[in-house]
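See the structures that follow.
Two complexes follow with subunit A in common, the first pairing it with subunit B and the second with subunit C.
For the complex of A and B:
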């Protein structure tokens, strides 16, 4: 009967953490799920009643929601994929840098240290038709934030500018894990620079790439402040988080807003699971050596 | 198949560290050539220069007369086994072995055939689908060897391939490498800091120290006639004992006695190997199992029995190793003086012999190899002897070998 006792001790030791997690994550999530099953509008608090999945039906049949999902996916897919490529390039440069390695790393991190709202405003001003410096650049002289595609472009550029450093640092950590001898062996085996990168470096970095992708995708799916500052969701740029914000805090419709929140939660979790699954056996291999 | 020629190779790293200095070596076609030296002497750097992972600061590497300067490592068709093995951790054993072939664009069918062949030679068949993480050290070592041989390279470059293995496995893999080399006949450069590996495996070898070649030759030449004090002290276990020999005319006076020394009129440094010291009167045994010497030195050496140094010593420590016994002894000066040939004589120039003995204040210590059946016990005083022609003489200032070098 030794094992059960050890188990009990284990659970006892975990209990405080489990309780804290339950209080700060499980409870709010469950409360939101419960709220989403009610018709509950703060403008008509007395009309509160259980409506089952009716709120979900409303959201899932509304064009606004689906347009927002599309906008969110466009922003997420473009920014994360560009960030991955740029971040990898930056990581390679930082990895190779012989002089001023620390300075380079610090410099690269600056955009990430800027508060998102400030960054979003800075980009908005830069592209402002009357005050922005982009006006002086000839062909770039146009009303950027008044047209859908260019508004998207600026939102995505802001995201990329801001979070590529983060991506680069995560990838740099992964790059440092690739054994130098394996690369030298590949060189002796006749592999070209590109072959060494794609057949040795990249597979060995898979765990780091997975982590970076996961963080950034989950983050990008919840994009809010950049859009809020730059277009406030106009021109079709409204992401799902802004839909939730509007329903919940502007319209004060708690039931519907909660349904939106739960759907966002499902969307983000689904994306995370898909990434982990999609990268396949990457994690077990992280434990080699 | 290839002859590898190194001419005036030097390597200075950017921070100013000189790793290799003016190395000239010729590695003949098909031979197993060992680079031996202490840690940090530039062995790996030299190997990296041969394979092309490092560019030399000066000098040229050529293979069969073709200069390799500036040629990418992959284009040199040499195979290297790294000290860390450098197996690709994300590939199965099969994929590891196939990697160089895949890069070279060998068609799948031929690739499979050659992988199977290499796996058979190295007895890796059962491991082909395993991941490197699940292999033992010896198995990884074999995978690394396998990846080297599948390519049919012109040369194998092995950087301390056995240093990560335990002693038993090391002996086993050493034999396996010797067998493999005999079977394939490929030119092989083998880097090690282990003299046993060097002496047993090498067709020829070079001893390196501080980036310079100290001596190159067959193991017998290098062991039997070390070119300088460094080589003499580095090879042999237990190592050679060194002592000061004070010049007296043509002779030198040692703590062990008097011997004829080559070279000019100055003092010399004298080295004695443990296996050249024997118990007095056991000459037949000693000469029977003494290491054969290269011809040149032997011919010059006088074989007259008077060239025998006899001395008395006290046994401080006995190391019994089963097949042999090493006695760490302290040479007793008075006794040696009384009995030793010429030790008690006055110097020919009439000056009094300096006191205390030529070795200074401290008594001379020495290691002697005795037969394992010897009845000698610790604390005993024994009579030992060494043939004068077995002594190695070195210049005390430059360390260079004197005489028959």
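For the complex of A and C:
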């Protein structure tokens, strides 16, 4: 049986992309799974040996890991929920603004494009008692990055500042799809502004909202840069990515670190699957038609 | 909302635009201000510096690590962009124009890669890169950036390709043009805004990355600006060269702000196009 030309051309054109993506994701993840079953410490490479699930047992029974999971969840849940509300407001502004629409759209892209490390530094300096301006407001009489709750606040603020624009743009796409006719009909029927928003616009935007939630949640679970720059994980702010990084590249314990990596992979995949389930499996169709 | 609105409404929108500008600009304005203040004024709490000095910028460029990092960032991000757009164009063309088995699987796989946590692979990559000689090289960073941005590139390019008048391509092929010629001469020029959006977003990703740069480089050979910036600060917790860090931060922010100003329209279109299409 001959393979049609079109099939062969399709595979040929996708092959380079497939190879590039697999080389940096599929292959290393499998390698991480294998490494996670070994005692493999780069400082003692000769002591390498198979230990089964022992590394997972070590991680899952350690307080450090569970504290990091808690910190990651706190950061993710707070920032994503604030971003959803703020992003919706921003999307409405971008959608409806009578003046300065172009200015708003450009301004909003700035936080999105700024290097995360720079954003984290900017907020750290702003909250620093010497170099900042926030201390002058008199909200807290101690340095903000010296107390756990206020350190979390700064990390979450930075995340919100940086990624709300992305959320807003995805929601803007959803807003643009709400048919004007539906809104006009509701208006004729006497629905108030609020009723039109909650009863017509929001339900029609559900797919866009779920896509935005999916991307931002998965992204927030990976948080690393901001915490590295602002607290280096001190004061209980250490997220799971930082635990993985430290075990792998500071302690050079590739076996144990790989177990952490695999667990993070499972955590992120689980969250993604849960959200996709929540939207009835409509996502891949919706995003790629 | 076809009308231009009442005076009150216009005032409301002006105020709203101002709020958004302050939101987006304040942290950056603060860091620009810090970078321009002489050391003695650093703690004065003024947004507009009382005295302006460019000394910190001079200091940053006099430090040999920073110009090297800037060169690495520019080179690596540019290479990753060119490659991601090239591979993305081929794949997006196939996805939009051809019917072949595995097409859906390919798109689903790309979507999965888009959500991939980098920390899950830095260990094995670190191990592998050291063995095959990619550790602390440009290629060692270009490859991960290329791979992780391909989904975004394919997604934006496919969305752009779908809206094109493909009859033009068919006509060109009837006139004897090869597929490749038709792609280069007809499709790509028409899809230019989509190509620009994909390129800018890939560039921003590569310019932004911190974790791979931190894990897979160690010297001026390939270390990029975000990693160098973090180590400026990491040296001591008590004495930090705030002004120099601020100046360096401003320098790395300029290219992305320029890109955003130039390509606002295609970027917004690109980011929103794929999201809920269909």
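We take it that the second predicted complex is superposed on the first by the 252 of 289 C-alpha atoms of A that agree within 3 Å, B and C clash if a C-alpha of one lies under 4 Å from a C-alpha of the other, contacts with A are read in each partner's own complex, and residues count from 1 in each chain.
Keep in mind that, in the parts below, contacts are C-beta pairs under 8 Å (C-beta built on N, C-alpha and C of every residue); 3 or more make two chains touch, one makes a residue touch a chain.
None of the values given here were measured: they were computed from a predicted structure.
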Practice problem: Name the chain, either subunit B or subunit C, that contacts more residues of subunit A. | Solution: C
Practice problem: Classify the contacts of A:122 with the two partner chains as first (subunit B alone), second (subunit C alone), both, or neither. | Solution: second
Self-check item: Which of subunit B and subunit C A:200 touches, first, second, both or neither
Solution: first
Practice problem: Using the superposition on A, tell me which residues of subunit A are in contact with subunit B and, in the other complex, with subunit C. | Solution: 285, 287-289
Practice problem: State the interface residues of subunit C toward subunit A in the complex, per the touch definition above. | Solution: 1, 4-5, 9-10, 13-14, 16-17, 20-21, 23-25, 27-28, 30-31, 34, 42-43, 45, 47, 83, 87-88, 90-91, 93-95, 98-104, 106-111, 113-128, 143-144, 146-148, 150-151, 154-155, 158, 162, 179, 204, 207-208, 210-211, 214-215, 225-226, 229-230, 233-234, 242, 245-246, 249, 252-253, 256-257, 259-261, 264, 267-268, 271-278
Self-check item: Parts of subunit A lying in touch with subunit B, wherever the complex brings them together
Solution: 179, 181-182, 184-192, 195, 199-200, 203-204, 206, 285, 287-289
Quiz item: Can you name the residues of subunit A that touch subunit C in the complex?
Solution: 6-7, 9-11, 13-14, 16-18, 20-21, 23-25, 27-29, 31-32, 35, 90, 93, 96-100, 102-119, 121-123, 125-126, 128, 130-133, 136, 161, 165-166, 169-170, 172-174, 176-177, 207-208, 211-212, 214-215, 218, 221-222, 224-225, 228-229, 232, 240-241, 244-245, 248-249, 254, 257-258, 261-262, 264-265, 268-269, 272, 283-289
Self-check item: In the complex with subunit A, residue positions of subunit B that touch it
Solution: 51-53, 72-75, 78-80, 82, 84-90, 99-100, 103-104, 131-133, 147, 151
